[in-house]
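A, B, C and D are the chain letters, set down in written order, and residue numbers restart from 1 in every chain.
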Amino acid sequence: MSALLDVENLQKRFGSLRALDGFSLTAERGKLTGLIGPNGAGKTTAFACISGATKPTAGKIVFDGGEIEGKPYHRVARLGIARTYQVVQTFAEMTVLEAVTVGALMRHPRLSDARAKAADTIEFVGLGPKRDTLGKSLTIADKKRLEVARALATEPALLLLDEVMAGLTPAEAQAAVALLREILGRGITIVMVEHVMEVLMPIADHIVVLSAGKTIFSGTPHAAANDPAVLEAYLGPPIT
Amino acid sequence: MELGPLPQLLVSGVLAGFVFALIAMGLTLIFGVMDVVNFAHGEFLMIAMYLTLGFSLVGLQPVLALPFVALALFLFGAFVYRIFVRRLLEGPPEASIFGTFGLLVLLQGLAQFFFTSDVRSVNNAWFTGAVRLGPIRIGEPELVAALGALVVAIVLYVFIEYTETGRGMRATSEDRIAATLMGIDVQRMNALAWGIGSACVGAAGALLMLTYQVYPRVGAEFALTAFVVVALGGFGSIQGAFVGAILVGLVEVLGGFYISPAVKLIPVYLLYLIVVLLRPQGLLGRR
Amino acid sequence: MKRLIAALGAALLLATAGPVASVQAADKEIVIGSILPLTGTFAQTGALLKAGQELARDLINGHVSYPVTMAGSDGIPSLGHAKIKLIFADSQGRPDQAATVAEQLITQDHVVAILGSYTSATTQTASLRAEQYKIPFLNPDSSNPQLTERGLHWFFRISPHDGTFTENMFQFMADLKKAKNWNPKRIALVHEDTLFGKGFGDVTEEIAKREGYTIATHVAYPANTSEVQSEVQKVKASNPDVIFIASYLSDSLLYMKTFKQQGVDIPIIAQDAGFVDPGFIAGLGKDANYMFTRDTYALNIKQRNLGVPLINELYKQRSGGKNLDGNVARDFTAVTVIADAINRAKSTQPEAIRAALAATNIDGKRTVMPWKGIKFNDHGQNTEGAGLILQIQDGQYQTVWPGFVASKPPIFPIPAWDKR
Amino acid sequence: MRSGLVILLVTCVAVAAFALIVQNPFLLDLTFAALLYAVLGQAWNWVSGYAGQVSFGHALFFGCGAYGAALANWHHFSPWLGIASGIVAAAAIALAVGFPCFALRGHYFSIATIAVAAIGEIYVKNADWLNGAVGIEFKLASAGLGSLQFTSKLPWVFLALAVFALVQLATIALENSRMGYYLRAIRANQDAAASVGVDARAWELRALIASAAATALAGSLYAQYTLVVEPESILALPISISIALVGVVGGLGQLWGPALGALTYAFLAKYVAAQLGGSGRGLDLVIYGGLICLIAALRPSGIAGYVRELFARRRLAG
């Protein structure tokens, strides 16, 4: 069985700035792939390119056997790639239920079906008690959950999570990890950007390390932790 | 080759562009700093023109009244920011569109109440003649207004690029939150931007009274052109406003002559539509 | 604030009390509706027109005799000296509002005729309502030629329309050609792109062709423009002998300044509007001199009606010191015309009044207008009216045409800009 | 949803009863104007309130309807045919103009709508087949639904009421449909909406086409009512702005916003103007402008938003 997502040698330039310069990534079906790298390595740009929010300058993205690079954002979403944002993008004036319903409407055009689907998803991520709260009134942790719920409600094959753990208390992070395991349990493939390696190590099946827009490592979490190039990217060149 | 009136049209178009630039610069400055389009900009111009008229009635020529009018408008702009616009910024984005719109209606109503809808102009102003350059004739008031536009543009540019306050203003325009963290008083910067933007339109009003006349609704025609100029050049870009204004002046005058004056504004609007559809951020705007 | 409270209170009263109590005509009162722009852009003019109509009403209802039709007749003699009552309604200068109030005057106030309503657009809609209800509509002052070309049965207009006024401009030019040995052939035509401007442009082009002139260029431009460079260059490049122009004040000032700047010192004959506005001379100073313009009225003409100065004095007491102008004089005259018709009809039945109006024949000497008289054709248009041509001389409007009322001879040829 | 329907029913019955009782042309005219503005405001609200793309060019669509009716009268066709063709023309223009313009956002979009409408106005002023700046005056016909001319105001109030009810029903349906959810999501965050498969441009385009059609319908009613069309009073920028202001004063993206805005506007524009504007000195403008300023600064959610807040507060308190 081939990989669900296969990104090859992606390039993205903003003017003279090379945000991505040889980014490659493979995500196996049903697995969690962690994408890590230092600040400014291009992780968020990589997500933007995969999800269709921006067009890559060059390179290839194969999803479920078809090339998707350069397709419009909403079309990519319909193919089954859902994402969350590093800086949360909630629908401020909509309630939790309404916001997740917007996601559910993608596969369930009838409003009543979509609302039922949304209600289930809200329960699933643990936002049940807040379903009638406005998006703008939620805590950061709940906003991140809301984004996950909105993405899940589209019933994606691939979920791109951008720093969903950032800023969470240890207890909240614990709950989030449990949630991730449940999502994986539903057969959804996850690619997850994390700033901190330690969070990913216990749950990731595969790790990709990005530095200065380039993939410098791809392998198991254990191998990543022992790779000199990875350590150098994070800690700077070894002191000799 | 017979050029006919072409050289004259080019000169007239560029000069008309300078006047548009003069009005547009204040608008683009305010927008650049806080993402607000002041729809009452034309009414600020109208107030400046009435002030200039008032000064001329006590014997002060528009050119001499200019600094006073600019100062008065500076204070007025900062005042309007402090008591009104500040509150709009706390609301949704539409609040600033409609709030400044309400201001437009209010100021127009007040002008009509105090000054009636009569058309008034400055009599016996200096600079009423024309300068001749071969076959080309340039009105002295247009020349003075063009010089004024250049001076205002240079002063504004130097202020924003090379002074501490100007840099603070630029920082505010790039990232309000970061600017706050860096210890910049964003409220003060915004009030200052409104003040300076209004002072620019004050200078414009004073110079415009050399050729034009004032009535409560005078702002509409100029403001519409100014919006197009600012959007064409890129919201927030002073250089963009200048380039955009001269393009609009040229297109209006050349289009008027070679197509028909009745439709002279169609090429201007088309130019705007084509430019923003190809470059949604305008000619020199940032995304 | 008090007025606001009063307004709100009145609104509540209206909403709760239902229909506004309609004023029934008393036994000895004849109720005539008058639609005027009492608020909105034309409110100042509207207030003056109202004062003019009220003056005429009071003269007709009074005993003092003036050399004006019906003045001092103590009401309508043929109807037992019943008094004229005017009910004023506000059009706000808006076509839809004018139609509304016309209907209100007819259905609620039961007026026997309607006067109105200054702007051509409001006259158009209001007179349609009068037509629907079969009530005579007498228009004193709207100048769009189309108004009397609609095949309406109940519509009459005492003012000449823009077609006649433009004919007058050509007659003046013909007289000038003879007197001054001038031979103009090419006309540059400039007008704003509105109802007023377009009407003038069409009729001028038509008459010019008929009279054997060439239209050198026909420039329609957007009203209230910010610059007129391309317009003036087009005029200049077309090399005309004379410029015909129609603009409101703001544009007219801009044109004069740009003509001067570009050294265009060709004679200008303007179609009133901005060129007869008090702000025109105030805004241009000596640069306003030598302009010719068409107007409907002037006080400094060789008087034919000795009552005019007296009536002007009475009017000044009501207008805050303003002199009679063309608009007010025509509205004043309209009240006398309708009173005259009702008197001859000896009835307040609309059909009788209409028939009497159609048979109107008033000598110009019995009006305050510089006209031959008032007589309607089949379309309801007065055929005896004409315009005046004025020239600005030494900062004053002087009547220079037609000769029998002229206060000064025209100064022609006109000096170049740098010699003014 | 049910409360919306109930309020609509009660409103319609109340307006109908009011119209039948007062019999006063001035008040009926006021009612007609308020209903017409409510329709215009609601149509504008679909695209500028719910979807958040602020249009200052709706006079163009209003003009399509008005000129459609006028042309039909001119050429002796049924007014209904004129209304239909006006609606089709407005929808076609919305499609042609909306497709490129929805690539723009915020102020760039708003100014583009001004530019497009201005081009339309200049075109009409110079188009002979539309009788240019002079405009078209309707020929009178015998009163009735066939000619859509009446000698009384009552049928007009009922016609406008019917259209108003239709537009309100459509809005209730919109609020409870996929499109309603999508438009609100686009307004809130276009990027996030796209991430869950919402094609913003396609949905905005649908909203604009519907909005243009409803605005054109209102335009043809207005033309049949006043019996004259002319570019200055049909197509000029102030018309677009009045339409937008009705939507904003009432409250953007809210079912009852335009109706409340229209009531306020009709009252201020027609009644207070008549009472206070006597000198023609703009006091009505001062009040109106001041009111808009106050709403924008203190209650940016408009009158409807404020009413809602009051109810919500009372519910919490009780």
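Here, a residue touches a chain if its C-beta (ideal position, glycine included) is under 8 Å from a C-beta of that chain, and two chains touch if they have at least 3 such contacts.
In this text, all values refer to a predicted model and were calculated from it rather than measured experimentally.
The chain with its C-alpha centre at the largest distance from the centre of subunit A is C. For the pair subunit A and subunit B, the distance between C-alpha centroids works out to 46 Å. The distance from the centre of subunit A to the centre of subunit C, with each centre set as the mean of the Cα atoms, comes to 75 Å.
With centres taken as mean Cα positions, subunit D sits 43 Å from subunit A.
Subunit B and subunit C, compared by their mean Cα positions, are separated by 39 Å. Those residues of subunit C in touch with two or more other chains are numbered 41, 44, 193, 220, 222.
Counting partner chains per residue, subunit B has residues 116-117, 220, 260, 262, 265 touching two or more of them. Multi-chain contact residues of subunit D (touching two or more other chains) are listed as 122, 125-126, 280-281, 284, 287. Under the contact rule defined at the top, the touching pairs of chains are A-D, B-C, B-D, C-D.
Taken in their complex, subunit D has these residues touching subunit B: 52, 54, 100-101, 103-108, 110-112, 114-116, 118-119, 122-123, 125-126, 237, 241, 244-245, 248, 252, 280-298, 300.
Residues 31, 37, 84, 87-88, 91-99, 101-113, 116-117, 216, 220, 224, 227-228, 231, 235, 260, 262-263, 265-266, 269-270, 272-273, 276-277, 280, 282 of subunit B are the ones touching subunit D in the complex. Across the complex, subunit A is touched by residues 176-178, 181-182, 184-185, 188-189, 191-200 of subunit D.
Residues 4-5, 8-9, 12-13, 16, 19, 116-121, 123-124, 128, 130, 137-139, 142, 211-213, 215, 217-218, 220-222, 225, 252-257, 260-262, 264-265 of subunit B are the ones that touch subunit C when the two sit in their complex. Residues 3-4, 6-7, 10-11, 14-15, 18-20, 38-44, 46-47, 90, 92, 94-97, 99-101, 103-104, 107-108, 121, 124-125, 128, 131-133, 146, 150, 193-195, 197-199, 220, 222 of subunit C are the ones that touch subunit D when the two sit in their complex.
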